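Here come two complexes built around chain A, the first alongside chain B, the second alongside chain C.
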Partner chain A sequence: MKTLPQDGMWGGLLLWLVLATPAARGFLEASMSLQMLVQMPLLGLAGYLLARHLPERVRRVLASWDRGGVSGLLLAAVVSLPWMLPRLMDAALAAPWVELAKFTSLPLLIGLPLALSWPRAGLVVRGVFLMEMVATAFRVGWLYLVAPQQLCVNYLVDDQQRLGTALLVLGVLATLVLACQLMWGHPRGAALR
Partner chain B sequence: MASLVLYPDDERLPRAAGITLNFYLVTALVLFLAMMALGLGMRSSQAGWLGLPPDWFYRFLSLHGAGMVGTASLVTTAIMWFFLRKYVQLHLWAFVANYVLFIIGLWCIVLSVMAGSYAGLWTILYPLPVHSQGMWSREAGAIFMLGYLGIGMGQLLFYLDAAAGIIARYGNFSRALGLQWLFGGEIDQAHPKAVVASTGVLIANTLGLLAGTVALVMSLANAVYPSIELDPLLIKNLIYWFGHMYPNATIYMGCIAVYELLPRYTGKPFVMGRPFLWAWLATVLYVVLVFPHHLLMDFAQPRWLSVMGQLASWVGGFPVFVVTAYGALVNIHRSGIRWNMPARLLVLSMFGWMAGIVPAILDGTIAVNMVMHNTQWVPGHFHFYMLLGVLSMALAFMFHLVGQRHGQVPPDSGGDRGSLPVYLLGGLVFLFGFLGGGRTSVPRRMAQHIDAWTLTDRIGSIGAMLVVLAMLYFVVRLVIGLLRPVAQAAGDGDGLADAAR
Partner chain C sequence: MAMAWRTLLASLLVLVAGTVALALATDDFRAYTTEGARRLEVARHPRSLPEARLQTAAGGITDLDGLRGRWLLVDFIYTRCMTYCAMQGQGFARLQRELAPQLAAGQVVLLSLSFDPGRDGPAELAAYQRRLGGTTGAGWLAARPAGAEELATLMRAFGVVALDDGFGGFVHNAAINVVDPEGRLVAVLDQDALDEARDFVLARLGS
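Our next item is the complex of A and B:
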């Protein structure tokens, strides 16, 4: 199995702490788009970087439950679903325990499993994950755009519609990048099946 | 390069794979016959020979449309799997998963139609599935769409496995499509046409499936939360993006059988040149861009999309079928081909594809479309290339496999020779019933016809009866043949193409 590089050991923890500062939270939670498209991915990235600190023994135990990366990617996909709901994004601003859940679940249950499972996953598993991710971006973006009323107390309708547009644009970009990679690139994971 | 050996050793399947393939093929045969029976019932009802109540007509029409295209996809997926697995590593689990998800999806569709009275047609056009005016429940519409999701997910798994196999062997899709030889260089004649076709199909159809899953999940969201209102034109575009590519993919998967099998019966290799590679590239682009030709009558559609649909129809519609059909004719010319069942059906499939695509491209022309699109011209063209094109490819493949189980000699019994003309004649009569109806402006998708429309309905019904009769023979013959164990070759080296001629 490919091992994760050990450089930048404290990067993940530092990023996590910086994101938790009131200034960063205040800035990144000021709009729905920033919260979903910047803060949440950065929290995931912090978990991804933290995976480098896991002792080899823990990794081996986790690996025995994660054949082909399926369990980890499934966990990441399932945990990411509720964080796309406007109600939870809204609640994170009002209820500290929801904010705490966000700051722990995104790094530990999305970023970290992704870091551990992605190298184990073959092209089929990666393909299912990425296709679902792209399709979800389109679906959620569309839903935000057509939602008949303001979905959050803290965010206005124009904000949720901006997020919807941004998700659709991201879906298109991700499709193009994936298509180009498959067409002309050197896609990894084909050998791991 | 495709083998010239009639039954090469690398096509001998391990037991589990053979059983799975038989599940695919037997299921497809039974479903084809059942869906044809529904079609015959509907045409007979339009002809005034059968008093099918209108609600049942539309239920049957929904089941027939979804069932036929799904079955065509099932059987041509089996063709793609059977030949592609010789060149790249494919996993049986993906092939099995596709079958299982297809069956689950099929049962959802059957349940929705038969128990839930769903009659909103295969097109599931928003908001019809959940706004039936009391004809069927919201749940029935949702279950029908869930059935589509199941079938699509299975197909996606199969394509991803195929993509992984192709990339592991060729590095990326570009090299698998042979794009490195588009402008120069010596083309590797050993590069399999099955790989080129499979790569083209999976690129295009995966994009279609992506559009389809978005449209389906959004429609399901609307079914659960009716306050979420969708843009009907946008969702129609997505449905036809998926709905055009999915049936087209059956042709492109099916024609792998032509590339692989025809050379064995003619004893001549099917030469791959630059036009072949260009044609497949054009097809990948065409099939992605052409879907707006289904929406030429939607006045709210942006004009540029309609123009794109027409241009794509005219520019991209021809290349693959021209190079395939021309290649097949060159392959047959002076080959001394022996006309047994697989060979006859392969050639018939070329005719069905070619002849069917002409009225299709005509209908993709805005000026013609405005007059013909709501007439029976449209079922005339797609039945042409599905019935005489795709089904003939599938039957040729299955007859070829039956020969493997009968002393490695391709079938050509008296019954076979007698049933094929019945199938062809019945098919042509049936199809010209539709096309003739289109010519006289008989509308399509109408349960009840006025007297002035029934002449072509009756002609079509007679043709359909002959087709069902021939198909009944094919089903019995092929199911019995496929379930026999594979025969051992008479000796090493036997089974060469010469033996077939």
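Our next item is the complex of A and C:
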């Protein structure tokens, strides 16, 4: 991971606050694809940016429980699971406490550990994590694409199928990028170690 | 070495906590959708339904409370719907024939509630029943909530959500809702599970 620029110190917090505004929520939660492919990754990004502001002492303690980035990446992967379920995407719209859980768990339990653990992870751990992410994109994308019935009460079937298609496309793209990296190395020379 | 053990411990904790959280979020891995959760919840904890005034296809005003003492099979409709609501409506017409004795005896009532009361007046509701091969009256009530407040109350109580489909119609979580004689919603069945709905009430009527 490159060292992130220090200007925009509070970028993560600002991003989080912007996402929490009723206008942003209304817009990004109007469609299933926007909620899962834009709002949720941006919430993760907010946490990722916040990681820079963790005091050095806290980082050290966390690092001592996170050899090779294993527990941090596992945490990110596990927490991401429920938010792909139609039930929770619905509930986030209907129940404020679920929305609050989404707005806290995605930055703090996905984005933040990703930022801390990714640099610690070696080739094998990164490989397993990325393959699992790609596989999940295919699994969930396929499910949303072929499910004959509307899975969310708040989103229509065509929205659900668009999300499914988008996830499959993302899965294919990620696979291609990873394959290229494995064969020709990282474009900037910082190949997976 | 200590770091490896701590990492293993942390990872195990993450896995256990994640599994518990997922179990809680899905009713022990049984309901992954809101509709699935609604059905499970209703089956476990029957819901008492609120009072709500209804205007029937015959034009009269009745109350959901006034239907106590019989089994109700309730579906939510809007009469302009030409796709699967029509199938659901034909299903109710079929139930009207198959449950004729129980309907005549006042043990069971079929109730189609419109969630589009602005457009579905008594005339439209009666036409809907005729178009689908049913008979107005004879144990099949088609009705609309008497006001906007009643509509919201009913949809909330039954857990029905109707979305604008972008073509002037609605998409909604269609189902056959079973209400017991005490006025409690006790089961939510698939909209095409006609036999199941019929057998459900017949079994409880002991016939």
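Going forward, the second predicted complex is superposed on the first by the 178 of 193 C-alpha atoms of A that agree within 3 Å, B and C clash if a C-alpha of one lies under 4 Å from a C-alpha of the other, contacts with A are read in each partner's own complex, and residues count from 1 in each chain.
In the analysis below, a contact is a pair of C-beta atoms (placed from the backbone, for glycine too) under 8 Å apart; a residue touches a chain by one contact, two chains touch by 3 or more.
The structure presented is a predicted model; accordingly, all values stated were derived computationally and were not measured.
By the touch criterion stated above, A:Trp142 is placed in contact with chain B alone, chain C being left untouched.
Using the contact criterion defined above for the overlaid structures, shared-chain residue A:Gly127 touches chain B, although it does not reach chain C. When the shared chain is aligned, no partner comes close enough to touch A:Gln161: not chain B, not chain C.
In the superposed model, A:Val79 lies in contact with chain C only, and not with chain B. Once the two complexes are laid over each other on the shared chain, residue contacts for A:Arg87 go to chain C alone; chain B is not touched.
In the superposition on chain A, contact is made by A:Asp66 with chain C only, not with chain B. Of all the residues in chain B, the ones that touch chain A in their complex are 89, 91, 94, 156-157, 160-161, 163-165, 167-168, 171-174, 203, 206-207, 210, 213-214, 217-218, 221, 227-231. Contact residues of chain A toward chain B in the complex are 122-124, 127-128, 131, 134-135, 138-139, 142-143, 146-148, 175, 179, 182-187, 189-191, 193. Listed in rising order, the residues of chain A touching chain C in the complex are 64-68, 70-71, 74-75, 78-79, 81-82, 85-88, 90-91, 94, 150-157. Partner chain A is touched in their complex by these residues of chain C: 3-4, 6-7, 9-11, 14-15, 17-18, 21-22, 25-26, 31-37, 161, 163, 165-166, 171, 173.
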